[in-house]
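Presented sequentially are two complexes of chain A, the first with chain B as partner and the second with chain C.
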Partner chain A sequence: MTFDLSIITANAGAIWNAFLVTIYTWLAGSVLGLMAGLLIAALMLFGGRPLQLLLRVFIELVRGTPFLVILFLVYYGGPSFGLRLGAMTAGVLCIAFYSSVYFAEIFRSGFAAVPRGQLEAGECLGLGRLQLLWRVQLPQMLVLILPAIFNMLTILCKETAVLSIITVPELTAVLTGIGTRTFTFIETLLVLCIAYLLLIEITSRAGRWLEHRVGIYLQR
Partner chain B sequence: MFDWPTFLFSLPLLGKALLITLQTSLLGNAFGFVIAILISSMQLAKMPLLRRLGGSYIFIFRGVPLLVQLLVIYYLAPMFGLPNLSPMVAAVMALSLCSGAYIAEILRGGLMAIPSGQSEAAHLLGMSRPAILLRIELPQAVQSTLPSLVNELVLLIKASALVSVVGLADLTRVAQNLASSDYLFFQHYLVLAGIYCLINIPLTMFGRRLERHLERSLA
Partner chain C sequence: MSLSLSPTNAISAVPAENSKIAPIIHLSAVGKRFGKNQVLANIDLDVHHSEVVCLIGPSGSGKSTLLRCMAFLEEYDDGEIHIEGRLLGWEIDDRGHRKHAGRNRLNQARRNLGIVFQQFNLWPHMTALGNVTEALVRVRRLPRQEAEKKAMKALDKVGLSEKAKEYPARLSGGQQQRVAIARALAMEPKIMLFDEPTSALDPELVGEVLAVMKQLAQEGMTMVVVTHEMGFAAQVADSVVFLDQGSIVTRGTPNEVFRDTNHPRLRQFLQNYLDRNAFWHTTPEKTS
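Entry: the complex of A and B
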């Protein structure tokens, strides 16, 4: 058993590219998921009863399914419907799809937490439905749901490791690939763990900082 | 579109695989619970070193993806003198180590909510520190965090799909094998998703009922 980090420096370029792929799939998937989640939450709030029920069932079904299975359904099952996606596209879309229902739940609870009196006051001042949403509800609930959003972001960052199973060339895939080729599991797995720990720590620190920044007005 | 004979043929195989999935997640949850008791009491200990150790455990096992933890155990165990680790053992090890960190965070919240007067009173009655933890504090902490613990179990059952990677014939692995034998990918994976939902959705609902029940009993 030897420990030799030269295998990491020799493959630094490939590892850096894999790191960028991890960041890209994570952030692109999350941003799409946030937008889809906001849309679902808004539809549940303003859509009629049947739509609400339908979305509820959709949310429960997606939440009951492992991310890996969703990935398999889209990537391997998609071609049955003519849905042929590259591994990377499928990965980003799956992260967006999977996270959208969790984000929707977070947004929904955020909307519910803004006091009703404010909506009534806004209505009295002649604000339209959309203006109310954009000017009154959204800014306040964003402050309230920030911790939950960042928690979800760290979870998604870890889910990107699963994309290695459908051959997306991200960190886990590339580093374990190097490990099996050169039989240097200790070094590659160590770097892999450190990379994820760093990403998660930076994200949660950024979350706490932002929480503090936007939360200042609440303390006044 | 949906090939019924294939579906009926696959049912007994999937049933057997379901047992493996349930076995790994329940074992992982049980061992994880034991680890969590240790870690959360370390975090609430007075000695700074113990607190630091407990905190590091949680930091590492919550910060590294479960898939990577699985790979670490699977690849590195032979190098540290544990050859021929069966997939089942590797899977249960990874699941319990990981869920231990998450459950510890939940239990810590529950333990911190218990008034300190209780442990002081028990101490005066002559109970030892472990006895106070196991017989006075833990039962209350578990009761007050039961909804979160059920939620954690659902997450663990979903996470157990990853053990297919180390070659354990769980639900996901068997569905994969079925799909690659007859190319009915979409159908097999749809059935797979359905089975996971059939376990997870009732469990989630049960957790929510517990939560409402708890809120009412506290109000």
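Entry: the complex of A and C
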């Protein structure tokens, strides 16, 4: 068996670029997904019964579809109804779309956890519904939902590997490409694993630090 | 402020001429149902300026629901509630049907009200000062500095200005409730509604909250208090209202309600309190 890391150093530039693409698709998709998720959760909270039902169906539909299928639908199916997207854009949008329903569910559980009485107190003081959402509900639910959000972020980080199938030049695509071209599978896959591990380790550490920061008021 | 716990004499009764002018809170034939369950029926009640009214009664009698209706935290189904002459929560349309009043209208009526809850309902992620300042900044639109000055004054009034920077989790129950009172007071309401303000407190912490309320009463605040503290009602209330099964059974001065009544249900209710405090007389005999 041979083990030759020179193939990695020789392709360091390409691998670094792929690393950046992975981070970009992951973070851009997640931020969009978080915003869409919050919007969906808020609409379910304030919207009428029909809207709630509609969003419920939407959530169940997306949750019931594998990420790869969503990706194919948008990237390969999209052009047949006029949606022509570059691979990168399609990738980011699919991550956003896919994650939005999970984030929506996380936010929904967070809203439910803030006691009703705190909102009543605010209402009686004349605070509006949106002010209460922003000033009372969101800051408190953040403590509760941060673990779930960061868990979802680590899952999404690994889901970006699927984007290799629609030719997004991210880590998995580039490293397996090098591997097949030069028959250095062990070396390239090892680097691939280390790269994902690194991202996820950083993410969970950031999550724990944030949890501690926003939960400071709970300390006696 | 002084937080003296010494018993004060009953607040002088409402001046006679006061009862001739319009009441600040006026309830007529108010009814409320939860599904098929009639929790309030045919409630008539007037509260005048500077009057302190205590609502007492067994649990499930509807006293808390009645208080919550006065802030429209519960929608009442029948009758009318007027705060300072304005219909609360409902609007009558051209055809005489009633519909929900808009947010603005409801908020205008609520501007006169300060509400204190059994569970305090402070916002735990804001300091005591933050809790009191919030509505001053976002509802009254005061500049932050001015709002904080006002908030400190309110905290000072409840004796907690030195705890301004603490989060609620670091305060005792009694202190939390006093912050909640300060939060309501800072908005300068004309009426304070208290929904069992001491029921969630350790017995030792009840006194400090009642002392604050007593002082408010002495300063002429109009107050409606749902309470199980009969001592407070006897000392501070101008009138005591006894509710049972969703109706007002009797209303009178503390003396009338606590001493002279012959109403059997009220007697039975008050007997519970006498029994509970019986140790006061029996214990010394047993130990001797």
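Quick note on the criterion: the second predicted complex is superposed on the first by the 220 of 220 C-alpha atoms of A that agree within 3 Å, B and C clash if a C-alpha of one lies under 4 Å from a C-alpha of the other, contacts with A are read in each partner's own complex, and residues count from 1 in each chain.
Note that a contact is a pair of C-beta atoms (placed from the backbone, for glycine too) under 8 Å apart; a residue touches a chain by one contact, two chains touch by 3 or more.
Owing to the predicted nature of the structure, the values given are computational and were not obtained by experimental measurement.
Pick one for A:162: touches chain B only (first), chain C only (second), both, or neither.
Once the two structures are laid over each other on A, A:162 reaches chain B alone.
Between chain B (first) and chain C (second), which, if any, makes contact with A:139: first, second, both or neither?
Only chain C is touched by A:139; chain B is not.
As a test of reading the superposition: which chain, chain B or chain C, is in touch with more residues of chain A?
B
Looking at A:115, would you say it contacts chain B, chain C, both, or neither? Reply first, second, both or neither.
It touches chain C, and chain B stays clear.
Determine, under the contact definition given at the top, whether A:124 touches first (chain B), second (chain C), both, or neither.
second
Touch test for A:86: chain B only (first), chain C only (second), both, or neither?
A:86 contacts neither chain B nor chain C.
Answer with first, second, both or neither: which of chain B and chain C does A:189 touch in the superposed model?
Touch partner of A:189: chain B, not chain C.
Under the contact definition given at the top, report the residues of chain A touching chain B in one complex and chain C in the other.
none
State the interface residues of chain A toward chain B in the complex, per the touch definition above.
So the residues of chain A touching chain B come out as 1, 60-61, 63-70, 72-73, 76-81, 158-162, 164-165, 172, 176, 179, 185-186, 189, 192-193, 196-197, 200-201.
Tell me, which parts of chain B touch chain A in their complex?
Residues 59-60, 62-68, 71-72, 75-76, 79, 154, 158-162, 164-165, 172, 175-176, 179, 185-187, 189-190, 192-193, 196-197, 199-201, 204 of chain B touch chain A in their complex.
Show me the residue ranges of chain A that touch chain C in the complex, using the header's touch definition.
Residues in contact with chain C: 115, 117-118, 120-128, 131, 135-136, 139-140, 217-220.
Which stretch or stretches of chain C touch chain A in the complex?
Interface residues on the chain C side: 71, 73, 103, 107, 110-111, 113-115, 117, 119, 121-126, 134-135, 138-139, 167, 169-170, 180, 183-184, 187.
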